[in-house]
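Two complexes, one shared chain (chain A), two partners (chain B, chain C).
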Partner chain A sequence: MLELRSITAGYDRRAPVVRGISLTIEPGEAVGLLGPSGCGKSTLARVAALLHRPDSGTLVLDGEPVRGWRHHAPPARRTAIGVVFQQPRLSSDPRLRLADLIAEPLRATGRREEAADRVAELAEPLGLTPDLLRRRPHEVSDGQLQRACLARALVLRPRWLICDEPTAMLDASTTAALVEAIEDYRAATGAGLFAVGHDRTLLRRWCDRTVHWDDLTASSVPPGDRPGSPLAARRPAGAP
Partner chain B sequence: MTQRPEPPVLSVHGLSVRFLMPGGHHVAAVTDAHFDVAAGECLALIGESGCGKSVLASALLGLLPANAQTAGRAHLGGLDLLAADERTLARQVRGRMIGLIPQSPAAHLTPVRTIRSQLEETVGQLTGVWGRASVRTAGEDAAARAAFPAGHLDRYPHELSGGLAQRAATALALVGGAPLLLADEPTSGLDRDLVEHTVDELRRHVDTPTRTKGDTGRALLMITHDLTAAERIADKVAVMYAGRLVEVAEADSFFGLPGPRHPYSRGLLGALPERDFTPIPGMPPELGDLPAGCAFATRCARVTDACAHRPPTTGSVACHHPHRPEEIRA
Partner chain C sequence: MTDAGAGPTAGTQDGPVWRSRRTDRQSTRTVRVRTSAVLIAATALAVLLVPPVVQLDQQAVDLSAKLLPPSWEHPFGTDDVGRDLLLRCVYGLRVSLLVGVAAALTATVIGTAVGACAGALGGWVDRVVMRLVDTFSSVPHLLLGIFIIALFRPGVWPVVISVALTHWLSTARIVRAEVLSLRSRPYIDAAVSGGASRWRVTVRHLLPGVLPHAALAAVLMIPHAMWHESALSFLGLGLPTRTASLGTLVQSARGSLLAGQWWPTLFPGLFIIVPTLAIAGLAGAWRERFNPRRRSELML
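And now, the complex of A and B:
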């Protein structure tokens, strides 16, 4: 379970962008958070991903409250979470070949020897050919680079995936391919998903439950937990 | 939109762009593109990132790098844009005949000057308006045309929201009264409400008659990967795949019934979350290493031996086995 309990966070203590937000994600659940640009949803995603320390409030991850953020977080906690960001160009080291980019988390956690097998295993279903894996970010398209960034997020087999508008820059087919890859991973591992974005149609199709930012700020009770909430939209039958 | 008697504002015939790379090989970024855009009409050019859409736009503006070679013709108001020299492009075309609405307005605007100062400079450069007071009024009029609030004119670009920065950039593009607007991914990175707002405003500029021409509106060439935005604004749709226009169709029949005819276009629409949400298998080929036959063949369910030969791009669909209206209805 991933529980955000009355989180207040931001970049200026006097004017936090996130104020007293609570949201609970059950194990294996996919929750989509909708909101306009600049509302603070990305900041909340960064808090959930242990990348931004909140001013107040508690994050409880799998039953245990989180005490350290960023490099203060214990490795076991950090590796339980995979993150995919909006702009693949800004979240990839331009010097690394795609194969090394994907394997980077393995190297960072001292599991270098697993790299070759794990990269091959992840690259194939994502359509990353050996030729693409040998290239550097400037030699591939945004869609191809985001596929590699997704592989990097999955390489340590996280129990939670945090996605901050991973497909906002991409065309419809690449979007559908990335979502399919994430859903395949979740089906195989039972990982939970927290996706933020502004594309209503996409998040409703993708996630088990979508909540709107305005409903989180209006009440401390997550709207999905309220019976009959119109925003607790279920995925249509037959969706992947 | 139906046929109009006037000639098209922009008429592109057999436009090709190649980049010469070190080592003697070349990248075919755009190959043999044919399309027209009429006054009061919006053509949406759609396709995946890296398919050559933006190169096509740069070719029209004469903004290609030195290692690019172009072929074909692009007629705009009696001028062939591809044959024009830099002096003609700079003095007659950019801003005056083509207004560019850029992909990232925040990067397009000068960060150290106010919106008013940038508008007034553009007014001074592109129109005959002269004198401090008249330039000021003309600048305010230009802002009003793009619905940019007068109260924000003295702000710097970083003080504006994404939507307002977009309007400021649009105001600059409209100053010269250009008959053709070229919008390169105008909605990239905006949220859904802002996307709808931005394309509705662009549509309004297409429908609003230009001051110089009287009765006809502007022509808009919008380059986008956002199919929802294209559906909202376009009269015609051109689908680009691996540097080629594979389908040019009326927007109504493309997004509605009978739907697109090229298998790639059908796959692209089918991938939308409001439709099948199923990706097209595989990835597009490299523009530097295109196959001899149809570039989509390796991803296509309708592939046959005929696909080893390149389908002609002169018709409305470049495919050996396009979907036919009668089988789509069945």
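And now, the complex of A and C:
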């Protein structure tokens, strides 16, 4: 279970981006979080991925409350969560060849000897040919790079996957291939998924349950306190 | 191009005017780079080849030939004990370059280590370290250098240590700023999420990104370090006077300058200025290529 309990987080304590949000994801469940750009959903994803310490609130991961974020979290906890970021270009070290990029988490956690087999195993279904694996990030397309980034997120066999708009930059066929690869992995391992995005159609088809950002804030912030959201007003009635 | 003030109405003539201006600037830069490269090559050849090929003793005293003006036999003249100044200058350049390169490398290693630690660890470590850097920077570094050098017996290594210990500060600042900017990139998040330790993030992802900056800072520091060696030796604090370095040569020539003998000061002075400007010119061109947005003055 991945449980976010009244999380308040942001980059300036006086003006938090995320205010008192609670969200629970059952083991193996796929939850999609919809929200307009800039509302704080990526920040919430970073909190859940142990990459950003919240100002207040608790995160309970597999029954145990999280006490530290980033390097304050033990490596085993960090690697229990695989993260796919929005922009593959920015989330890959420009100096590493794709094969090294994918194998990097194995090397970082002292499992160097598994690297070659595991990379080959992951690359094949994602359509990453040996030729692509020898290239550096600037020599491949966004879609190819994002597939390598997904392979990197899966290489340590995480129990949870957090995807922060992983397909925002990609065309439909690459999106389909990525989603299919994630679903295959989840079917094989029973991993939970927390997907953040603004593509309603995709998230509804992909996830067991989708929640809208405004509904999360509505439940946590007293109605009188709620900031007026023009996008919320335009949302069709009955939408999640 | 005499019609430089032609306004936007002279549309058809603008093209060639602009193109020729740009070519002018580019060719100026090319000339500067080529001149610098030739001068550096000449310096390297002189420093590496002259001592083993020309089997002359630079320390050979010939009192019958003291303070001779430049001639065919002694192109740079002789000093007050009759030593050939050309030979002394070449040997001096050798020592000064050695000091410059060693000090610049040491300072860069210290600066990179300190800057990377401060940037990668952040928090109070960063604050404490950077305040220390500010404190050191507030003391004039020649003064601090003199203090450090006074702790040792005169020699080449105390000069290297003194220059290195006073010149790592700017590199530390550059490296820290670069590490801070790299640290917030998503690929560092990805590494953290992949279980990488602080050490691994720094060594594998942050340092390779700052090395080009550090290398450039090191090359730009060589001329600066050579000037400091000369300054310290000129003040009589650097190398012992019997060791020919460009600083000691200028220092021992002070007396003769007042007596009207210009050559013992002029030639070592040129030997300080020309190679250092050549190195700075080439490094400046490198920086322009590397970071075209920041065309700027020589960082000396």
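One rule holds in what follows: the second predicted complex is superposed on the first by the 219 of 240 C-alpha atoms of A that agree within 3 Å, B and C clash if a C-alpha of one lies under 4 Å from a C-alpha of the other, contacts with A are read in each partner's own complex, and residues count from 1 in each chain.
Just so we're on the same page, contacts are C-beta pairs under 8 Å (C-beta built on N, C-alpha and C of every residue); 3 or more make two chains touch, one makes a residue touch a chain.
For clarity, every value in this text was computed on a predicted model and none was experimentally measured.
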Looking at the overlay on chain A, is there a clash between chain B and chain C, or do the two fit?
fit
Examine A:25 and indicate which partner it touches, taking first as chain B and second as chain C; both and neither are also allowed.
neither
Pick one for A:201: touches chain B only (first), chain C only (second), both, or neither.
first
May I ask you to decide whether A:119 touches chain B, chain C, both, or neither, giving the answer as first, second, both or neither?
neither
Is A:149 contacted by the first partner chain B, the second partner chain C, both or neither?
second
Which partner does A:85 reach: the first (chain B), the second (chain C), both, or neither?
second
A:95 contacts which: chain B (first), chain C (second), both, neither?
second
Chain B versus chain C as contact partner of A:179, first or second or both or neither
first
I'd like to know which partner A:170 touches here: chain B for first, chain C for second, both or neither.
first
Would you give the minimum C-alpha distance from chain B to chain C, in Å, for the three-chain superposition?
7
Residues of chain A contacting chain B in one complex and chain C in the other
none
Help me check something: in the complex, which residues belonging to chain C touch chain A?
185-187, 189-198, 200, 204-205, 208-209
Complex interface listing, chain A residues touching chain B:
36-38, 127, 141-144, 168-177, 179-180, 198-202, 204-206, 239-240
Which part of chain B faces chain A closely enough to touch in the complex?
47-50, 161-162, 188-194, 225, 227-228, 267-269, 271-274, 277-280, 282-283
Touching residues (chain side chain A, partner chain C) in the complex:
46, 49-51, 70-71, 75-76, 78-79, 81-83, 85-87, 90-95, 104-105, 108-109, 149, 152-153, 155-156
